[in-house]
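Notes for the one structure printed next.
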Amino acid sequence: MKNVPFEGVIAYPITPFDEKENVNIPLFKQLVERLVVNGSQGIAPLGSTGVLPYLTDEEKEELTEATMQQVAGRVPVLVGVSNLTTERTLYHAKFAEKAGATAVMILPMSYWKLTEEEIVKHYDTVARHISIPIMAYNNPATGGIDMSPALLKRLLEIPNVTMIKESTGDVQRMHYLRKELGEEVAFFNGSNPLALAAFAAGAKGWCTAAPNLIPELNLALYEAIQKNDLAEAQKVFYKQVNLLKFIVQKGLPRTVKAGLNILGEEGGQLRSPLQPLSEVENQELVSLLKECDILSPSFG
Amino acid sequence: MKNVPFEGVIAYPITPFDEKENVNIPLFKQLVERLVVNGSQGIAPLGSTGVLPYLTDEEKEELTEATMQQVAGRVPVLVGVSNLTTERTLYHAKFAEKAGATAVMILPMSYWKLTEEEIVKHYDTVARHISIPIMAYNNPATGGIDMSPALLKRLLEIPNVTMIKESTGDVQRMHYLRKELGEEVAFFNGSNPLALAAFAAGAKGWCTAAPNLIPELNLALYEAIQKNDLAEAQKVFYKQVNLLKFIVQKGLPRTVKAGLNILGEEGGQLRSPLQPLSEVENQELVSLLKECDILSPSFG
Amino acid sequence: MKNVPFEGVIAYPITPFDEKENVNIPLFKQLVERLVVNGSQGIAPLGSTGVLPYLTDEEKEELTEATMQQVAGRVPVLVGVSNLTTERTLYHAKFAEKAGATAVMILPMSYWKLTEEEIVKHYDTVARHISIPIMAYNNPATGGIDMSPALLKRLLEIPNVTMIKESTGDVQRMHYLRKELGEEVAFFNGSNPLALAAFAAGAKGWCTAAPNLIPELNLALYEAIQKNDLAEAQKVFYKQVNLLKFIVQKGLPRTVKAGLNILGEEGGQLRSPLQPLSEVENQELVSLLKECDILSPSFG
Amino acid sequence: MKNVPFEGVIAYPITPFDEKENVNIPLFKQLVERLVVNGSQGIAPLGSTGVLPYLTDEEKEELTEATMQQVAGRVPVLVGVSNLTTERTLYHAKFAEKAGATAVMILPMSYWKLTEEEIVKHYDTVARHISIPIMAYNNPATGGIDMSPALLKRLLEIPNVTMIKESTGDVQRMHYLRKELGEEVAFFNGSNPLALAAFAAGAKGWCTAAPNLIPELNLALYEAIQKNDLAEAQKVFYKQVNLLKFIVQKGLPRTVKAGLNILGEEGGQLRSPLQPLSEVENQELVSLLKECDILSPSFG
């Protein structure tokens, strides 16, 4: 039986910066605390939401350690360690393991399109040098590579690659994984607007930045699924779907920061070239948060 | 309240031909009878499955009349009347209405990409001259036009356009329709591999050729949804998903004919250029029918 | 040596309709005459420009005969005979041959995506029953099938398939054809905005509706190429490129009709669902015709 | 008049590594020397070919300085300084300027898709802090963003953004740039298989890794264009097109290294996850080099 230490709603914190665009660790810890307190069933720092590729090695290490300290064992922690080179990926995977991470997530980042052999070797090299489980992450929109279901199946043959995160937005990929790999395969949905369809297809969990803004609705969806109550899941999903689409479409770091500010929370600054939402986008987000009942209709 | 005379599993018969590639009406009636007897909640002749665009005007009229006679009011009938020109579309819509069809289905067929205005005018012209409801059908893969959710919304403002059939294979289109148009909007799923995701998203029915081969499984999925039993729906769906993918991928008329033959039924001939499945494809279909428990494991 | 009876600028007439949307044969002949008189090196009725798929069998026959009468041997004639069924394609190919056509053009029209075997059989069946050459036409945007260069190569092995018309808009397809098939292969460009790139790549001719509006510029491009004068070809091409893009983008039948009207010529009516250009589009076309020096700067 | 210090064939060296995957500076200098001696009209280190994004800041600085020393003013040098963050892009742009680079090339690298405003601000920030010209580089396949011609036009309004490199592989982008921006706009082609089409469209130069393997053929193409001899350009282009396609398809760093080895030159190692060509791919490259007359037909 494979080691799959996650299920349910896995929350992705943003990485906040100060006025000089340096990482703001105290604020980061505060944002992690909110996610834990609000019921997230896992915490995943250094994901796309956490602008992993825009950070230096030192910043990644600090953020990993800050997460472990703040979470303090209350929920499992999934640390993103993706890097263009195999050497750096391995370095950060070892660091995360030593820091106490429950598992690491690896996206095969690509500048030059990698061959299947290159991808398998990349994962295999990392896997052989660490003992904690690996979540293989497929997200062509950010990573630049689309791993076929057949390739994902191949990666799962590596002993400690035990989880798949699918973010293509194509529910048929999940059907394939489930059919090919059996009911025990642990696939996680990383495409917010597909949350309902993915759970209906059997996803074990939902990797999402949405709990930064609407944790109750996110958790309510998972609970309805666990109770086998499709009607309720549908109702809860349609309440949040427009917000889920918006945060994906406009970019998770930018929209989470803007949403936190609207909700009266500190969200820190972005690192350039990323820029804040425009005023029009901000107003749209206000409306969507009202639709989710997280903001009062009379707000603003 | 809009007039929506369909729900559940709407079955699409193939159009069988004889050795000279002429339409075989007696065999067609026999195939329609099987669909009704096996529990389909609607019959839809002259769809893509029925190779509508490969038929002459006279053949379309004969097939419409044959369906009405054979179904004889047991279930509602949805007649496909799509044509490249507005004049011919209207002609066949009127014919279907006079023959007693419950509703007509119209795909905006395209050779020259139509503008939104041209599409609206096309539907509007037909709608003004008939009294029965129209199902607007979006299927870019066969029709050559991808109608945006916003355009579909516009079409629904025409009084007797009361139903949408979505076959893009993108479940997010259904989310949009449901969100924009409210819970009463009647959208039907026309993408077989999305059957579970579409019902989870609130689809009112499933337009499918699959009941020609596996009616019990198709109906069982709809029943599980009606009972709000997602776990059962998931189980039933995964049993049939590989067959559903195969018939779409290899083409419905070709695979339904081949499947009927495997099941010991007459399926008639195809009209050229369409050709029978290869022997390898045929064997694959045998395996998939076994996976669906419709063929005994010892078959062949 | 293969029989390739075309080269240079092959002009596509529109099919004009009267107020009742019936084909207007006298006006059609007048439009064909303009094309011949203006120097076109071939005439191609019943193409996409001529709205072939929107016509009845009888109309196609009338238009074929009208073209032969009007051209009267002054230039070669290429008749479009594409149809969804093999039987109808063969019927019209035979009709064109009997009427005196120099060659026929066949697009593998598709509703159900055809397999490679089905496409080869389709061409082969027609080719075995006629003696005149066939131009195989690849245009996924209208025909719905994208024939790979490898498939086109296979079609050229059929003795009287002697010409390829490429309309994918990808100049690399032409490179492939030329490399794989040698310098003698006769490939024709059907993508107007690629006219210069295609001639530079070695295209033998240009299949285009543009001579309905700007014959001098079209011919000047071909002449510069024949004189090996790239600098001149570039100059002439950039003069017309924006018009070429516009007529493709807005649809050839609609833009040619509008352009004829602007130039003071009769263009007839369109057949629904096709509708005239909007007023804004019309003004844009006026500007583009001025840019081509075919309209005086003071027009309008 | 804008400052455009490049034209003709701009050659991209690979970055060679030693057995421990550390940068091999002496071998790099040797490879740069070959490119200069073989007639390249510009040298561009730290491009995609030079695996820029796989390098540390220190390595980038060493490679920049090594290039300047080796080239020693014989031809202009274009240094790649692209980075995900604005801060690091600016840092390397300043370093390149100080080191004596003629110009810098900037690809708007993206993990989170950038808005147009973010892209403009990114370029503008860098441009305001350096005095040498900038080449804006559009390559969605590696950079993850497709800058529209309209956006490129906007970037050209920044005073020292004076050159565009287009690598989308769509010759129509070049038509647009030339039409919109006039004959003086300096656009460079970065898509090897489009070399002929791009020069025919008016490209001022060709940014390419091919001179590492077939410098004579690359230069011969440019010379034919300068002599306005399209027939010769076509002949020379078709001789090399299959090699050009291959090196793009299999990845420039991997194929250049393999090709150098086949030609008896040192090419160093790759940095993981990039791996050498397979034996089959290597044999294919041997055939292609023979086709280019750079290897004798009896080789191997």
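By written order: A, B, C and D. Residues from 1 in each chain.
The definition used in the following text is that contacts are C-beta pairs under 8 Å (C-beta built on N, C-alpha and C of every residue); 3 or more make two chains touch, one makes a residue touch a chain.
All of these numbers come straight from a predicted model, not from anything done at the bench.
Enquirer: Please find the path from chain B to chain D through touching chains that uses the fewest steps, and give that number.
Expert: Between chain B and chain D, the shortest chain-hopping route counts 2.
Enquirer: Which chains sit in contact with both members of the pair chain A and chain C?
Expert: Correct list: B, D.
Enquirer: Given that chain A and chain D are copies and touch, would you call their interface same or different according to whether over half of its residue numbers are shared?
Expert: Same-residue interface.
Enquirer: What rotation angle superposes the Cα atoms of chain B onto chain C, in degrees to the nearest 5?
Expert: Best-fit rotation on C-alpha atoms: 180 degrees.
Enquirer: For chain A and chain D, let me know how many angstrom lie between their CA-based centres, rounded off.
Expert: 35
Enquirer: Between chain A and chain B, what is the gap in Å from one C-alpha centre to the other?
Expert: Chain centroid spacing, chain A to chain B, equals 38 Å.
Enquirer: Which of the chains are touching one another, listed as pairs?
Expert: Applying the touch criterion to every chain pair yields A-B, A-D, B-C, C-D.
Enquirer: Note which residues of chain B are touching chain A in the complex, please.
Expert: Touch list, chain B to chain A: 169, 171-172, 175, 178-179, 193-194, 196-197, 200-202, 225, 228-231, 233-234, 238, 241-242, 245.
Enquirer: What does chain C use to touch chain B in their complex?
Expert: Of all residues in chain C, those touching chain B are 21, 48, 51-54, 84-87, 108, 111-115, 117-119, 121-122, 125, 141-142, 144, 251-254, 271-275.
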